[in-house]
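Next come the structures, one after another.
Two complexes come next, and they have one chain in common, chain A, joined by chain B in the first and chain C in the second.
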Partner chain A sequence: MRGSFFALLKKDFRLMVSSKFFLLAIGSLILYSCYINLVYVKVDQEIFPVYLYDPEQVQENISADVISVYSPEELQNACEDGYSIGIDASKGTPRIIIASCGISRLDEMRHSYALSKLSSGNSRKAKIIGPNDKEMKNRREITAEFLFFELAAVGFLGLASMLFKEKQMGVIRVHAVLSVQKGAFILSKLILILFADLLFAALLTLCNLGVSAGVEVLPKVLVQAGILSMIMAMAGFFFSITLPDFKQFSLLYLVLAVFITTPVFLAGQTGVEMSWIKFHPMYHLFAAMKNAYFQAPVKNGFYYAGCLMSIFLLFLLARYGLDREMKREG
Partner chain B sequence: MIGVKNLTFSYGKDKQVLHGLNFTVNDGEIFGFLGPNGSGKSTTQKILTGILKGHGGTVSLFGQDITAVRTQDFFQQIGVLFEFPYLYANLSAIDNLKYFSSFYPKEQVQKPEELLERLEFKQDFLKKPVSSYSKGMRQRVSMARALISNPRLLFLDEPISGLDPSGAVLFRKIIQEERKKGTTVFVTTHNMTDADLLCDRVAFISNGNIVALDSPKNLKERNSNRHVTVEYLFQGKQEMRSIEASELAGILPFPYDEIVSIHSQEPTLEDIFIQYTGRGLD
Partner chain C sequence: MNWIGLKFQLKTIRRDKLCILTFLLPIIVGIAINLLGDMNLTSTAEPSFGIVQNDLTKETISWLQETGSVTVYDSTDALDIAIIDPSTQLLGVLSLGNEIRVLRSGDELQMYAVIADTLPLLYAVRNHAGKYEQTLLPPKNSNDILKPLLIVITMITAMFMGCTFNAMNILSEKEDGIVFINEILPMTGTQYVKQKIAVGFLGGVLSTVITAFVCMRLSVTQILPVLLFIILSSFIASLIGLFIGRSANGLMAGIMYIKIIMILFIAPPILFYLAAPAGGILHTLSYAFPSSATFYGLMGILNGNGALGTEIIVLIAHCFLWFLLYIMTSKRIQS
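The block that comes next holds the complex of A and B.
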């Protein structure tokens, strides 16, 4: 029994190698790490430019970085981008002019920021709370996001590409007349994908957070990476065993990317407000991953129970799909 | 070895494909199961190999009901050759056989190299990936996969398909050798020559019913009109006449100068199949 399982593992490992799975993973690791270390940590968005129209020079203690304009038209034009803020002080009392960026909370922040610029003495450096400076915060944030999207795609597509190869070769049907358990056939693939994903998660974390910070968060990150990897791999198994060809699978993947991953990205990464996002299961996985990178693990038992239940249900579905494929006509 | 009583099977509620099959296969027998596409051959084989469940009637293998024998031990006693050579294209012949043999006890397994040599597999392709093999070579590796565990019961689906004439002769020889070793062979085919040359008994299946079951010889004898065709020369002209075979024992009932040839008018298995079912095998 143990020998048979080892044979399944060995065969699946060779299939993974031949489908260039590891090559793709290494390529992604290099690409993400280069982007994080060479580009992202150096990116610092310019704070909202503030323009002031004050023909009578009424405002006296204005901040040095406020830009003066000399006509109402010039002020209007400067504020049209939805980012810059204008202050019209031509009638004595300053009036804030902003083109809404679409997010009410951000508009309010821009409003307050512009007002604060009218008194130069208020400028204070923000106090850093906790162990993260701005660069480390950025590193943790972007690494969590890359890992989430990589695992969501790789677990799903990686297993599917292996399985489609086996379907195409017809060998799945041969396993129907061998003394091999269907569960073992699924588990061997799952273990390999899980191992590859965990290795990827560890390397990505260490490369981008540094050894010390990386080792610190690794246990929590690996738990979340393991959960996500298993869910995505099981889903990939079920859909690839059920759908007749890779074209249909690619179409489904597109649909999933649009309807599942995009809202999670928008809710987690931008200020777009979606009250329903808390009902989106992937959002909780995404949040858990991010929290793991900030040493704030999920302590909600329902989350883990939900994950375990999903993995179990997906395993049953995968088993059902495999059984159906084995009975199919050649 | 195999006992089938009143076997029925339906895909869904309205699609009954087997309508009460009855047959037995004896130990060490080569049994042919002949029928056109869609007649129920594959379904029967899938039930016998434990792939399909939910049949009606009783099916026993190795003296036990199939629902009881469908265990690890059962799969270790059977070998199955599928119609198409299903192999891992990225692995070599040797690696494929080593992989598939890992699901059987070590003492039961044959050496892949020896088996492939017996199947006249080209030695320089042993370690090359299956993707570089011809159809005939793939079929040889598939046959080796079916035989690697020294099965007691061998299911062969179109074993000769994709082989050149010398390959076909070799496969027939190997099947006969397996039978001599005591293996029971269940052959599913619509190739009449194979069935005629290989099988001890054949069953004709049409629309989910067995319409005839006997040895090829008996079937042909039973359905023969016992006539022969005689070609002869008479007064410089070649002529042909059909007579009863028994008439050959005496003086021929027509004048001739020279006999050119005598042809038996014994029907082929295909003729008999058409006679029973009203349709051909292709």
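The block that comes next holds the complex of A and C.
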């Protein structure tokens, strides 16, 4: 029995290699890591630059980050972008020039900020209470997001591509007459996908968080990655065994990607309030993944019970699907 | 041109749900962007402050509300959690005698970090505004850059649909074995290429024109350049689709190629547009991507810019080069 299971594992592994599954995973790993390290880490929004035109040097106590310009035209040009602020101190009372950015509160903020640049007082620095600096936060955030999307796609698509190939080759028909258990047929694929996903999660985390921070979050991340990977792979198994061809399957995937993962992304990334989002099952998986990266307190037992339950249900569904397909194939 | 062949091509596409969906997707997104225009997105750009109940005076709260949105929390602990939450840029404001003190999490964008650090000073000088005069210029161009950007991205995606059409079409022919039948049919290679390009091209153009119609408000003089951009880039996209269809040997690999090329098609123009100033070397180099020219051109049209000569010439050059490359490589494969 054990021998036949290992034979199954070996066969599925060869199938994964031949479908360039690992090559694609390594490709995405490199692509994501490059994007994170070269682009995303540097994403920032600078404070409004303040330009000062002061030919007579009447203003004292000017803070060091104010940029001096030497003609009214230069000042006008500098503050036309709707972001910079100009101060014209050439005629007695200083005049603050702001091109509206269309958001009145932000205009107001820019105006007050310009005032502060003209006053001599010092400000009490804000107290920092969070554990991360901006770069580390960016790294944790984007790595969590990429991992979530990659796992949601890879388990689902990878298993499907394997299964469709097998369907085409008539493997399922052969298995209907072999003495291999149906559970083992599903499990061998699942185990391979799970290990590939865990490896991917570990590499992505270590590459982008650095070794020390990466190792710190890894245990929690791997638990969440495992849950997500199992759920998506099982769902992939069920849909690919029920749908007739890969094309229809990729249509389903497109719908899934647009309508299921996008709201989750919006809610997680922008903090936009959506009250219905808590009824979205994927949102909880995403939140758990993000919490794992930020080492936030673990979710309650309901979450894990729900995950186990859905994994079990999906397994039953996958078995049922396989059963039906075998009957259909005769 | 063999019209009957084309008719058959269109017929197979009509049965293909994936093609129909990829055709409709940009149009749906276009409609969504249009609806988004009425929605208020500005709240995400304003500074947001968190305060604790019964802590600040009414006057201070209304001062905060002039410059940002204010959320009230029950306790300092709840406020701390909200500040640390990585998906927000919330700043905590607490009273300190007659002044205020500010809490931040330390992971904010630089703008919010500076605002947090200067807020107590802003509070102290809040009544000095009368000492200065103020000029508020009206917004120079349409006040949000996000909407034109979204529109152009959607249009580029729509143009890219031609590529998806072709690649999927050829790949499914490969899977069904129609490729071999094509080889013995009385049809030359050029005829085949023409038909395939025509299918992707027509689909791409149609999808993009509808998207443009849905989300762009064009004057009569702008219609011609927009149409020219659409036609040229759809041609290139459908040509790329042929490349993918020829080089991928399975649907899965095809989808992966499409994914990669789609990223290459859409991401660089946005990056270059935002990061490289026009006239720089980087900007010139970015024309190596065919979608860059389209992107800059359409952005120019949306922002009311008239000079589009370079973009159109670059696109025409791309069309020629890619077509030549295709012909040359396909001859080598045949021989």
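Heads up, the rule we're going with is that the second predicted complex is superposed on the first by the 240 of 330 C-alpha atoms of A that agree within 3 Å, B and C clash if a C-alpha of one lies under 4 Å from a C-alpha of the other, contacts with A are read in each partner's own complex, and residues count from 1 in each chain.
Basically, a residue touches a chain if its C-beta (ideal position, glycine included) is under 8 Å from a C-beta of that chain, and two chains touch if they have at least 3 such contacts.
Keep in mind it's a predicted model, so treat the numbers as computed, not measured.
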For A:203, is the partner it touches chain B (first), chain C (second), both, or none of the two (neither)? neither
Touched partner set for A:46, first chain B, second chain C, both or neither: second
Which superposed partner A:11 touches (first chain B, second chain C, both, neither): first
For A:99 in the superposed arrangement: first (chain B), second (chain C), both or neither? second
State whether A:119 touches chain B only (first), chain C only (second), both chains, or neither. second
Could you tell me if A:327 is touching chain B, chain C, both of them or neither one (first, second, both, neither)? first
Would you mind checking which one, chain B or chain C, touches more residues on chain A? C
Which of the two partners, first being chain B and second being chain C, lies in contact with A:254: first, second, both, or neither? second
Between chain B (first) and chain C (second), which, if any, makes contact with A:24: first, second, both or neither? second
Where on chain A do the contacts from chain B and from chain C line up? none
Help me check something: in the complex, which residues belonging to chain A touch chain B? 3-4, 6-7, 10-11, 14-15, 18, 165-166, 169-171, 173-174, 176-180, 326-327, 329-330
Per the touch rule above, chain B residues touching chain A in the complex are 42, 46, 49-52, 72-73, 75-76, 78, 80, 82-84, 86-91, 99-100, 102-104, 145
Residue numbers of chain C touching chain A in their complex, please. 16-18, 21-22, 25, 42, 44-47, 66-69, 80, 83-88, 91-92, 99, 101-122, 124-126, 128-129, 131-140, 143-144, 168, 172, 250-253, 255-256, 260, 263, 271
Which chain A residues qualify as touching chain C in the complex? 19-20, 24, 27, 31, 39, 44-48, 79-82, 93-103, 105-109, 111-113, 115-116, 118-119, 121-134, 136-138, 140-141, 157, 161, 246-248, 250-251, 254-255, 258, 268-272, 290, 294
